[in-house]
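Alright, structures below, take your time with them.
Two complexes follow with subunit A in common, the first pairing it with subunit B and the second with subunit C.
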Partner chain A sequence: MSAVTVDPGTSGAGGSGVEVAAGGVDRRRLVSTIGVPAGAVLASLLVGAVLIALEGSNPLAVYAEVFRGVFVENRGLRNTAIGATPLVLMGCGLAIAYRSSLYTIGAEGQYVIGAVAATAWATAGGVRDLPSPLLIVGCLVIAAIAGSAWSCISAALNTRFGTNIVISSLLLTYVGIAIMQWAIRVGIRDPESFIPASRMIGDAALPIVPGLNTHLGFVIALIVVPVLSVVMSRTRFGYRADVLGHNPNALGANEVRESRVMFGVLGLVGALAGIAGYIQVAGVTQRINAEFSVGYGYTAILVALLGRMNLVGVLLAGLGLSGLTIGLDVAERTYDLPSSLTGLLQALIIIFVVLADAIAGRIELRRP
Partner chain B sequence: MDAVLSIDTLAAGLRLALPVALAALGALLCERSGVLNLGLEGLMLCGALAGYLVTDSTGSPWVGLFAGLVIGGLCGALLGGAVVYLAANQVVAGLAFSLIAVSATTYVYEGSYDIGQSPPRIERISMPPLVILTLVVLGIVVVLLRSTLSGLVLTATGESPVAVDALGYSVQRTRFFTTIGGSALAGLGGAVLVCGPLGLFIQNVTAGRGWVALALVVFAGWKPVPCVVGAFLFGVCDAAQLRIQGTDTGVPYEVFLALPYVVTLVAMVVRGRRSRTPATLGVAFHRSTA
Partner chain C sequence: MNTVVTDARVDAAPAVTARALTRRFGAVAALDDVDIVIRAGEIHALLGENGAGKTTLVRILAGLEHPTDGEVELWGAPVQQFAARAARRHGVALVQQHFTLVPTLTAEQNLVLARPTGRWLPRRGDAAGRLRSLVERFGLDVRGGVPASELSVGEQQRLEILRALDADASILLLDEPTAVLTAAEAESLLAVCRRLADEGRAVVIITHRLAEVTAGCDRVTVLRDGKVVLADAAVSEQSKHTLAEAMVGRTSSATIGLAQMGDHELGVERIQVHHVTVGHLHDVSFAVRAGEVLGVAGVDGNGQAELESLLAGVRAPDEGTITLDGDRVEVMRPRDRIRRGVAYIPSDRYRWGMVRPMSIADNIELGRGGRWRTGRAARHRTAEPRLTEWDVRSAGAAAPVRSLSGGNAQKLLLAREMSPVPGAVIACHPTRGLDPLASSVIAERVLGAAAGGAAVVWIGVELEELLSVSHRIVVLAGGRVTGEFLPPFNRNAIGLAMGGDR
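== the complex of A and B ==
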């Protein structure tokens, strides 16, 4: 670890909220786990209310419409679940990475690379005619490998040259998006399309789950959360990932190579992001076009932070933010509000989370 | 290919390099004092919007530049307050700020102009004064760091805050004001982008230039002059990329789209190995934990 890698052991004076999921439940910890995000959401809704009032609408009516848009409106819940799928998948990876003090922000790039790789394979001649389940499994594997490889570039650069992961992962995102643009213009372009777009994903599309009425991807996200929770709390890998965030020297002292844990964690982030990318194609857009990258990879960072880097928290935060987006979308149309309001509310939530965290850390520090 | 590697491209490269150079100098100041300012991208974006709105309403791009500087400084005070006095995690706080800035600037921008109405192009400043401005800022940063007591205290704060504290200087105050100053430069950089080469604001207009500036600081080994040279290198790639999109070269233009970022990444890798990182970069200072 050289160059600008932040020394994880000492940064933030305990104010970062990066806590190992401990066995026992401390009441104070409970307040900071649930109180901080809940308070942050409430505070930003309050500020949001002021902004809505300034726009000339009644905030209560707007929030009621948000609620109606999610819970009453036809397909509101279904859209919430579908919108939450990429956020939860990527948020889980990022939460684990941030717990390990590996601040990667390149999920958007890995998401795009995963989607392109899976789509390229599934639409290739010869492969296209395979049976659907085989295609889906193949796509999931390929997307995971591609996303993982893309993410591991950051790990390799850091291990070998001490390059800062935050910056390298973000720069790689721009490269990834350029690759996607080439792919849909030339590489895997649908010859029948007038604008740059990939072929339709065809039989690799995800089926709708009966009863839930959402695509299979949401179920995958729901399975990933408990599986990863067990991995993090019960396996050697999970333990080492947490130790890396708290005291990397302890790994060295036990002859565990830090770089190996780093590759594992960043590889996992990339695999989940790649899978999220494929799921988005196969469940929602059906093909990749120029508008494919809409920033789920960045919102997922917010989801990881809001979920307190806890996987169940990530699930709740992902569903919550997705619901807010869906509901506000409806309310914005009804009350003619600016569409950037959703982004602003999300931004406010994150401000309050960071501030509350810092203040909580400060109080902790004063306590003898 | 000849048309791409012409004097024109170099000039355009210089134009595009100036905002990045200013932001990189701002980031360099912060990092020398021990603060890793990942809010740089957001600060540039805020400065860009302030520069655009103020220029549009006053008609003078110079006032716009000043607005960018002030807004950058104000946001820097917020960010500095959080990471220095509240000891918020610098990575998380900076990252959060950059994410916030994208939504906040879009919100303000959309609120300022009716949807559908095309926003006016603002009056632009020609290149020579902006080059001089950047060189003046570079000169100030070099002199500050090399020949003044404040500069020495600033660097010492990044290397050994305990020593600085023992000598009776305030680590917190030094870092706080450095963050304000560095952020103001990033804001100025954003304003220069909008009031100089572009003449208009669009959503997320900075397109990762703040991150590039952060990478350049590593590339430059935390030294001001190489920072500006690196920015020029990025600018030329950026300009070449814009030019190549219009010509037929046989190489897919997406290669050139990615080129500025790849070059930055490679530059950071190649030079970063040998560079000397400020010892306490990213680490909050508190007497009880020092």
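== the complex of A and C ==
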């Protein structure tokens, strides 16, 4: 039966044999990268408007006040930038992880561990008298290593025992926060302080960037975005991360052992989260107290999703969400609205992003 | 469940009537003004090269795709809505080329899942009984109680067909059902199809194997480039020769094999498999010399999968060693394999060889290239000439591999693996599911590599093909080497060895 046949000289000829061809592919990608997040935000603002109206305020006036709070109010833009810094840093890492199909949700824990490690070093006797630039660089390195190590526990558990990364990374966050609570009470407690808190970070604090009027951390976040974009599009590491996300078998059979890429990606997520934690201490809170963990690591998940796992998208989503938070804060005070509105809108955005994503996927399936 | 098809249906309109069916993907027409009639009680062969539109046609009939234009009638009733569920209600069942089983569930669980009997899951014994009765009724042997992923490819295929039959299919569409079967299995499948047709069903078989058409089918429709070139012809009036001519638009006759490649000296032993045991494999040893093509024959599921992953360095043996030029094959160090010039053509290209959602250019780079990559435009530019060289028909290097037909995807894989000229080739079913033209290109390239001094292991299930390409054949049965043969090959002896010596 089907013996292999040859017809020398004509193997290059023959009609077009393409079963499926690209057509409108780019337009569809555009719809899913911009349409989905834009639609989700719009839909949640609409639902939010209904809720605001139920509270007895004029939604348009409230949203105008949000806008004013960000763009007109003194320090509105500055606060937006500062609030966006940890979101963008962690969102970038998570975006890369999700592209690799590594669904870690433990950035909050890595953020806390990075902050504690850097603060512990910077406030230790003998170290705290070092010159400021040395302290800052040292803190960045230590925070990155600590966050990265914390994140890699998930990778190690997965490689060795097959543990689910979602679960291990989430549970490790609780462990991380418990370590922080211990540290501010015992390990690195400020003996002068009444309430449990670390020492002030002192010379390891980040300087204010002249002109921008924000701390140095925002500039670091702004630099991280293009650097990681290049890493993803122009390096073997970025390529392998994408391949891991689409077909781990093909990665293992042709490029490199899967676990190596997994450690790399999760390590990167942790390093960025650790740096974000240190930057928050050194740029905003100046010390770690019991209320240090406020959930930036979870909001960053939303930032990664809303940014469609695209690094520039993450930057825009981080700035947007931070602006929404800052603006709503102003609007809540002006119109005497319940302060849960920010959380509510964020939750709505998550639901609508997931929903819009599913709808977009369905449309793509329908249309050839 | 017996004889689902009512007599009224048989007497009435044809099972399938399609008129002026057209399906466009972007600028390319996969189907162009296709008319086809399929009657109950007949086995209808759908013949054509890769990318001729056969799969698109049956997917439309099964409601998985919409036609851009044209109409379809099932049992005389016009199809209003192209949806899988509606097609199923009309008794259409499609067995796709790529399996749709749930790999972690057993055969009986897969059956239950596809056709639930009520709100509650049937008892384990009942489910097993249902599988057993289907197996006995249709003579398609499938093991129960084992996860589908552990069944051999042939068994998975049979399970797919059983599942379709279990759903009371009156129009059975089989997309390349014999591509993964041995000659004997294919023969028995055709016998089953005959019985199903005799019971009043319409059976459509997509195939490349001309012998199957002439031996087992009643009518044949040949597609070429999305157009019907031979419409609803009686097989009895056709010969393999006329069918081949209709299919490729020219007469192709010569069988490519070593005979066409000219003689060359065989060199030293390069690949050595030494008393290897793992999975199905038990104490397997052989060696391959430079310039030699070693054919591994046998019924699928007798240790071929293990042998493939061992040679490709994806899996480590429990016992024994595998060496290339005296050095051990490193496990899970794919870059090491590529550096040593070992080309790997996997049996499942979409699982082990390609990343379907990523672009053609990205796939050509898999396993190649250093720490830094060039820009996207430059990557596409470097990929284009290789697509031309290997005749990969695509919408450009930026198109995802998903958009390629099976044959073009395989050519793309070879374009990557076979350049630069490899020192060794691990070819696993390299021509599976490909039309004769694509097959011959691929065989030619693999044999060309052997002529250039590469040691080639060719794992295949099509004996005719192995006989023509191999310098030597070993037969795997029950995980052991049950025979080693040198030309001139004795088919009967090989067939006996494939049956196993136990």
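A few points about this structure:
As a working rule, the second predicted complex is superposed on the first by the 341 of 368 C-alpha atoms of A that agree within 3 Å, B and C clash if a C-alpha of one lies under 4 Å from a C-alpha of the other, contacts with A are read in each partner's own complex, and residues count from 1 in each chain.
Just so we're on the same page, a contact is a pair of C-beta atoms (placed from the backbone, for glycine too) under 8 Å apart; a residue touches a chain by one contact, two chains touch by 3 or more.
Here the structure is a predicted model, which is why all the values come from computation and not from measurement.
Residue contacts after overlaying the shared chain place A:305 against subunit B, while subunit C stays out of touching range. In the superposition on chain A, A:178 contacts subunit B only, with no contact to subunit C. Once the two complexes are overlaid on the shared chain, A:233 sits against subunit C while remaining clear of subunit B.
In the superposition on chain A, A:246 contacts subunit C only, with no contact to subunit B. When both complexes are overlaid on chain A, the residue A:335 reaches neither subunit B nor subunit C.
Comparing subunit B with subunit C, more residues of subunit A are touched by B.
Using the contact criterion defined above for the overlaid structures, shared-chain residue A:63 touches neither subunit B nor subunit C, since it reaches no partner. Contacts of A:161 after superposition: subunit B is touched, whereas subunit C is not reached.
In the superposed model, A:254 lies in contact with subunit C only, and not with subunit B. In the superposition on chain A, the residues of subunit A contacted by subunit B and by subunit C overlap at 2-4, 6-7, 10-12, 15-18.
Interface residues of subunit C facing subunit A in the complex, by the touch rule stated above, are 25-28, 30, 49-53, 55-56, 65, 183, 186, 208-212, 224-225, 244, 248-250, 252-257, 260, 312, 314, 332-335, 338, 344, 346, 350-358, 362, 365-367, 369-376, 391, 393-396, 398-400, 402-405, 407-408, 431, 436-437, 439-441, 443-444, 462, 464-465, 468-469.
Taken in their complex, subunit A has these residues touching subunit C: 1-7, 10-12, 14-25, 233-236, 239, 242-243, 246-247, 249-250, 252-257, 368.
Contact residues of subunit A toward subunit B in the complex are 2-4, 6-7, 10-13, 15-18, 98, 103, 105, 157, 161-164, 166-168, 170-172, 174-175, 178-179, 181-182, 185-186, 298, 301-302, 305, 338-341, 343-344, 346-348, 350-351, 353-355, 357-359, 361-362, 365. Across the interface of their complex, subunit A is touched by residues 31, 36, 38, 82, 86-93, 95-96, 99-100, 102-104, 106-107, 110-111, 115, 208, 211-212, 214-215, 218, 252, 254-255, 257-258, 261-262, 264-265, 268-269, 272-273, 275, 277, 281-284, 286, 288-289 of subunit B.
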